[in-house]
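Below: a set of structures, written as structure tokens.
Both complexes shown next keep chain A, but they swap its partner, so chain B is in the first and chain C is in the second.
Coming up: the complex of A and B.
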């Protein structure tokens, strides 16, 4: 191979890449906030006693889980404005699409965790005179959040990586900036390698954290 | 305020019947790609899982680094890297299809290795001891004792990874390969009817992926019952 690696250009473009990373992190954070709360709501609805409540949300979850994220993002960008006459800026639209996607994955994690909440806990709640809402907020949610935490963190990082595809709808995230720098400098190897390393440098420590939390929970359970 | 009502009224799917051949061709390419990558990823994944358990530390580290790197970076970045950088390193042009296969197989291998690893982990110590007592060599032990058990336990997860690859393959459209998503975008651009086109595209993906995930759930229950764990 006769290729002269020059990271000089990437160094010059570094502020651009960091600007992109900041957008990526904002997207990830906002989508996670939506998904952590909305996901719990969807999990409760999907476990409802009434099939007409359960069915639409079960379908929603399956739909988000069984189609490519790219299709979902493109669908939101092109179809929401036409269908509903809602015109959002690219960024809120990206957050909405990714947030809903993640909410459906988190809902599954919460559901498994809610099912694992011991029956006695609920009985104790009833005995103490908690209202159904109080039982959900003070008993079910803390239990479920704790049990689901490793999966929720893993889902969160997956979304961080998936967020790269908003570059395809021209949101100026890390991937988009990387593409631009690569095109402007004719240095794809250096640029894309650097971009990959930046993504890795963020997601790897968080993945380790998820593994650590999982181990500690296992220990706590024994 | 509710301008959307007009938008909903104008929806008309009938024009898509003209494009059904193109859509089927796209789906064909997507499935073809998925099946090939699934095969490669399975082999690579099993090899990586074994290497990660290797007694030679550098081998184990290298395999772990590989897996963590492919799991820790966006597939889109991997795809761009392979499309734009690999040809420079290799000094030859790769066809779109080859690059796509390389990308999804390398990524899939990393994902599959995790599933194989948890499958291998669940094989009890006594199985190794039994293989040792029977005087089986490492190769025979791997192929006849470990592989069948690891595969059986990992089948549901491996299949859902396959569904995952099917979904990730939509990314390949970003580098201009004519699979389902790319054909969808092209039709949408030509007809200026994104709502109908992308809804149908989403439905096609769903109609393939959803039954597969149901199948995985059924298999999982059966295997769990058979292994009685």
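Coming up: the complex of A and C.
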């Protein structure tokens, strides 16, 4: 196949792509902040002694894990405003949708990590006079965060990639900008290749970091 | 008001404990006076840890009650155990396995509970922690993390962490059992120093030499009851009860 690769169009559109990357990064960061905190809360709730607390959150987790992210994003954009009367700008809506999705995946990672907190640590917490809430804050959370960190980072990167789906609902992220540039320049191959490389350039080092963290934590484990 | 001269420090009444169908304690009665260092000995699985854990408020009981300094501390009522959290704050406990918080430096391990559960000012807690560490010869470890310490050092830090909260009774559950033999002495030395300061203690140990040195009273626990209770010379040296005698002969035979 004859095709004359011309990257200089892409070079011209570079600022647009960077603008899109910036939006993608903001989206990823905000969704991760929500998911790292909310995910822990959901994990605690889903481990509750009372089934009527456990059940709805177990269902929520399964809902987010067993439906395509694409459907979730679209559902949020079209159904949430109508069903719940919540009208948000696209960006906060995207953050909410992706944040909730990620929170459910992180909750699973936290849950496994919380179950692995040594019983002796909790005993020590009681012996030192910590209240149940203080034990969660000062003992369970740091333990769970450390143990779950590699998975949490991996989940975070996956979300960074999946965030490309919000281009569908007209958020000006990297993918959205890529589509625009491709349409305007008639250079889809160069543009989308560049977009892919940008995603890769961000994801790959972070994935390596996760692997490093995992090895480090294994060494530091008491 | 609690009067240390006339009232026991702790009095356990008819303590029963079962895990499901497994009866572990079947009516323990014990009065401990303020100056005492009670060493609990007995066969493995005899409920020694359970007894200490109950004292620490870590376990439910099926029956019985505990008073501490003349105040109600633990009571079993209709299958529920009520534990007074304020009285519990008067106990300190050190466990067999390292229970230091791995994500905190040694200094912060000592400071955390003092600041968060006793409302001590950070500066005050830091001073106190540094003094304790200095007393135990660990001041150069203040900034280190638990994973960088030897087992003996960790157990000394665990003792210091409990001492930060000025316990009225210290509970030690086989704190040297998991240590390499050469690290046992440094931990026992710290406990002997606390004994000299007349800190009330309840100690579970298999080290009979140490038991004889630190105890003011020895209790032999087996089958969920107190089989023999007396001064160390009697219980360890010339026990009255044949079961105690058999146990003592066996452990002294093993440990030389």
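Brief remarks follow.
What we mean here is this: the second predicted complex is superposed on the first by the 221 of 222 C-alpha atoms of A that agree within 3 Å, B and C clash if a C-alpha of one lies under 4 Å from a C-alpha of the other, contacts with A are read in each partner's own complex, and residues count from 1 in each chain.
One rule holds for everything that comes next: a residue touches a chain if its C-beta (ideal position, glycine included) is under 8 Å from a C-beta of that chain, and two chains touch if they have at least 3 such contacts.
Here the structure is a predicted model, which is why all the values come from computation and not from measurement.
In the superposed model, A:189 lies in contact with chain B only, and not with chain C.
Once the two complexes are laid over each other on the shared chain, residue contacts for A:121 go to chain C alone; chain B is not touched. Contacts of A:5 after superposition: neither chain B nor chain C is touched. In the superposition on chain A, A:79 makes contact with chain B only, not with chain C.
Using the contact criterion defined above for the overlaid structures, shared-chain residue A:130 touches chain C, although it does not reach chain B. More residues of chain A lie in contact with B than with the other chain of the pair chain B and chain C.
With both structures placed on the common chain, the touch criterion links A:175 to chain B but leaves chain C unconnected. Look at A:139: by the touch rule set out above, it reaches chain C but stays clear of chain B. No residue of chain A lies in contact with both chain B in one complex and chain C in the other. Interface residues of chain C facing chain A in the complex, by the touch rule stated above, are 53, 56-58, 85, 88-89, 91-93, 95, 97-103, 112-113, 116-118, 145-147, 158, 161-162, 165. Contact residues on chain B toward chain A in their complex (touch as defined above): 1-8, 68-69, 71-78, 80-81, 84-85, 88-91, 163, 167-171, 173-174, 181, 184-185, 188, 194-195, 198-199, 201-202, 205-206, 209-210, 213.
Within the complex, the chain A residues that touch chain C are 118, 120-121, 123-124, 126-131, 134, 138-139, 142-143, 146, 220-222.
The touching residues of chain A, counted against chain B in their complex, run 1, 3, 62-63, 65-72, 74-75, 78-79, 82-86, 161-165, 167-168, 175, 178-179, 182, 188-189, 192-193, 195-196, 199-200, 203-204, 207.
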